[in-house]
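After this come two complexes, each holding chain A, first together with chain B and then together with chain C.
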Partner chain A sequence: MTRRPVEVGDPERLYTVTGGRSRADGDAFDLVTLIVAESDPAPWMQSEHVRILRLCRTPSAVVEISADLGMPVTVVRILLGDLLATGRITARHPQQGAGAGVPLPDSALLEEVLHGLRRL
Partner chain B sequence: MDSAGSDAPAGTVPAARVPLGRAADTGLKIVVVGGFGVGKTTLVRSVSEIRPLNTEEVMTRAGVGVDETAGVGRKSTTTVAFDFGRISLDERRVLYLFGAPGQERFWFLWDRLFSGTLGAVVLVDTRRMSDSWYAVDRLEHHGTPFVVAVNRFDGDLAAFSLGEIRQALSLGPGVPLIDCDARVRSSGKHVLITLVDHLRALAGAREGKP
Partner chain C sequence: MPVPATPPQRRSHAPRPVSAAAQAALVAAAAAAGAAAVAAAPGAAGPWAAATVCAAWLCLAAAVVAGAGAVNRARRAAAASEAELRTLRARAARAAAESAQLADTALPALAARLRDGEPAARVLASLPPPQDPRLHRLLRLLAQELEDAARRTRQAADDGGRAVRQLALAADGVDRLTAVTLPAAVARLRDGSSADTVLGRLELPPDGRLRVLAEATVRELALGERRAAAAREAGARALSRVQAAVVSMLADLREMQDRHGEEVFGDLLRLDHSTSQLGLLTDRLALLMGGRASRAWNRPLPLESVLRGAAGRIAAYRRVRLHSSGTACVAGFAAEGVMHLLAELMDNAANFSPPVDEVHVYVEERTAGLVVTIEDSGLKMADAAMRRAEEAVSGRSDDLARLQGTRLGLTVVGRIASRYGLSVSFRPSSRGGTGVVVLFPPQVLSRPGGAGTGEPAPGTDVLTPEPSAPTAAGSGSGSAPARPAERAPLPAGATAAPGAGTSRAVPGPPPPAADRRVATPGGLPVRPPGRTMAAADRGRHDPGQSPPRAREAGDAGARFGAFAEGLARARPPGSPEGEARAGRGSADGAHRPQPRTADPGNTAPDPGAARAVPEPRTPGHPPAGAS
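Let's look at the complex of A and B:
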């Protein structure tokens, strides 16, 4: 995988959170990838990791985690990369969409979406 | 399916975000894009099952990793704030609706944030039509299918017709164009259905089905 450069917001704070890393190995995480915790937080874990594991007791989208932590999506991707690497979370990735190197949405999926919207 | 959150009286803070069901495994996205104050958040709120949340993405300019430079604090960064809501479509599928500004720096982050979107809604305020022109142009450039929804504000004296708006935005005949009131749930729902109907027609044509 090519490592793409990223971004930090308030550098001081975010450097602390990510242990100084500013590159994400977490390009795997889409905004709407759903994250599920596979273990309980341990007392020695970094507080952001603990919060993520608590939030993800039920599936939570990356963007929801970002909003709840009050941290830019980029930083959350880095934190999620740590947790994924140690097997503490699993990720349910989106499978269809326009222009992401994934297949365009097919009409069967769109039919399901329509169905759900009409029921609102 | 309940729609907890959206019915809470204004001003009360929901205790906690309504969790998704355990079977949720497919996130989908639709982006609402438009100029300042056009009603993006209002539209998201009117159809969402949660109170809209917001967050941001930050990216360094010039494609240089921060760790390769000294003086991080002087680095030129692009920040885009956006908000979002959520609609649980069924046990497995969850639709996320993003409200995003249409200004230039936002498009810089489009691929990073919104690639893989099903499609987009361009929200138009006819009193500031030029804001929408840019969004239409960028979406066409990115190949993202979209519909255009005109959020009619009370003080809109000019009251352009849809035909006039279609012409002003140079919309092709295949692009759906509708009126809406972003404050009204049924109207917001109609906007989304119009978009997904359009997407389904495009997919059907690709697949060689009627």
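Let's look at the complex of A and C:
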């Protein structure tokens, strides 16, 4: 008999998390959209929603949430879409937050900074 | 002949005295008449007359004398006849008496004694022999015949008795064979004894033919059992490969879902769903064949995860509505079984309700445990169907031969329920269909914080699935909560994905002394004496003792790492930039753990934390570690 490995992943599959949806409804979120929770999690909510709301007490980017939940960005977008539709979060693009006219550093520079940080 | 002789006898009796007196009177009268005639005769005629009278008287006298002589002779002859008659009569009386005695006394006595078994010769000798030789012969003949008849009767009775005894013995033997011997043999064979062992221990019937029959039956039964066991085992072994393939495929799919972008995500989810259904099918068959489930969990799973994991394995998962708000967790050792059981019940509910109706799953926490109700709005089950379903989930009908073709799922439910002490019952649902109520006893539950009600009873070990399951170091402990402590300190890299060890090697602050007592530096549970492994395991997961969030400590690097990681995850692999980031991401795995320590949802030392980082999971890792 083959030995069973101890399962380390999650028992639930991603389609059960999204209820079978594989695409977010709108284009409200890109990778760096900042999400802020507007309400506290309710006990009847899906656990991912609860975690997102807790995480987003401080503004967090979509990719950050994705890394934190350990879920693909697509799934996170769908979940965020649900929360946005019920008004529990607000989303804003960093460019809006940074104010008009101030250019964002380009990604090559950010990468350089990242490497620099990692080498520390 | 005495009868005709009687009348002359009577006639000769009476005249005899009359005759003698008459003779004398006749002679005297004749003499007087002569004397008178002579006296009366004239003188001349006197002499002549005298002479004539004398002559006449003489003649008369002579005649009388002659007559008397004749009478005497006749009388003598009559007396002789009479004597003979008397003799004959006496003889006849004697003969009659003898035959009467023979008929009334001797023959019944003879018959009785012969029946009692005395030999005829002795009986005959003891009896007074009859005078009549013919009677004597008759008696002898009769005695002989009676003796023969008595002997034959005795012999027949003996034969009959012997036959009845043999029959009773044979019937007893058959009864014993069917009522005691064969059932015992079947029970022992089911327990896995070989035919020879069983025959050796069995009390075989003394009758040769029955013994041959019993031996042949036992050998045939043993052959059948062996064949069935071999088929089961072969099935289980083949299925375990399929199970391993399914698990590996699911892991691959999950990894692909992380790696690939939105354009293929829907297809990957569809594949994932099909594979999960395949997993349910193979697990069902494997459990029926006596095999094991395809997965094992060594940590308590939140009930929500369990319910969603169960729903995800059925075709109509979109129709399942979960209403769960509790924080209860299912103990690791029971999690997979519970998930399979719920999946089977949900599948059943979905299949037996209209394809547009939803299946509702409610969770209710009670003191007696946790109640999960699965309600559909299909047709009400008929009484007979409900009885059959109850029978199937009772776990009593363990025989594969009695399975109905399409009702395999409920049988598996019964097995799992009886293994973990769950109670499953059916009742009509208020929604119009059928409701299934599953009661989880406290020992299969556990609290995420390890506090209070979910404390597994000390008897938990009994409920551990497959106590004989391999617990070799390489695989970690499939159902860790009940494993002995010495199994716990395993090589860290063996249980978790590569890189996970390094992630655990960087815990935030050093754990407090209490924490060190319940977990090794590698993050594996240590069982203090007197505690169950489940309790130790829970202590290890206690979020109160987990390192504080790095984010709260203001670790900007962690956030940045998470950011980069998310980007790498989101970037489709086709784009060179994404590849570059992904490649660098794996290469820099040692730096990666920081975002994980920042993960508020996962307690840091948990091997499960590795799931936060999909990259280190090499493709096909779980089965590779498995087989």
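By definition in this document, the second predicted complex is superposed on the first by the 80 of 120 C-alpha atoms of A that agree within 3 Å, B and C clash if a C-alpha of one lies under 4 Å from a C-alpha of the other, contacts with A are read in each partner's own complex, and residues count from 1 in each chain.
Following the convention adopted for this analysis, a contact is a pair of C-beta atoms (placed from the backbone, for glycine too) under 8 Å apart; a residue touches a chain by one contact, two chains touch by 3 or more.
No experiment lies behind these values; they were computed from the predicted model shown.
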Note to self: Looking at A:A85, would you say it contacts chain B, chain C, both, or neither? Reply first, second, both or neither.
What the structure shows: neither
Margin query: In the overlaid three-chain picture, which partner chain does A:R54 touch, first (chain B) or second (chain C), both, or neither?
Written below: second
Margin query: After the superposition on A, what does A:W44 contact: first (chain B), second (chain C), both or neither?
Written below: second
Margin query: Let me test your reading of the model: by the given contact rule, A:R118 touches which partner, first (chain B), second (chain C), both or neither?
Written below: both
Check: Is A:S66 contacted by the first partner chain B, the second partner chain C, both or neither?
Finding: both
Note to self: Quick check on the superposed pair: does A:P94 touch chain B, chain C, both, or neither? Answer first, second, both or neither.
What the structure shows: first
Notebook entry, point to check: For A:L31, is the partner it touches chain B (first), chain C (second), both, or none of the two (neither)?
Noted result: both
Next item on the list: Starting from the residues of chain A touching chain B, keep only those that also touch chain C in the other complex, and list them.
Entry: 5-9, 11, 15, 20, 22-23, 31, 58, 61, 63-64, 66-68, 70, 72-74, 114, 117-118
Item checked: In the complex with chain B, residue positions of chain A that touch it -> 5-9, 11, 15, 20-23, 30-34, 57-61, 63-64, 66-68, 70-74, 92, 94-102, 104-107, 110-120
Checklist line | Touching residues (chain side chain C, partner chain A) in the complex | finding: 236-237, 240-241, 243-244, 247, 250-251, 254, 257-258, 261-262, 265-266, 269, 272-273, 276, 291-298, 301-302, 304-306, 308-309, 311-312, 317-318, 323, 325, 335-336, 339, 469-470, 472, 474-478, 480, 495-497, 500, 551, 557, 559-560, 562-567, 569-570, 588, 591, 595, 598-601, 607-608, 610-614, 622-623, 625-627
Margin query: Show me the residue ranges of chain B that touch chain A in the complex, using the header's touch definition.
Written below: 1, 3, 17, 19-22, 24-29, 47, 53-60, 63-67, 72-73, 75, 77, 79, 84, 86-90, 93-96, 98, 111, 113-119, 142-145, 185, 189, 192-193, 196-197, 199-200, 203-204, 206-207, 209
Checklist line | chain A - residues contacting chain C, complex | finding: 1-20, 22-23, 31, 43-44, 46-47, 51, 54-55, 58, 61-70, 72-75, 114, 117-118
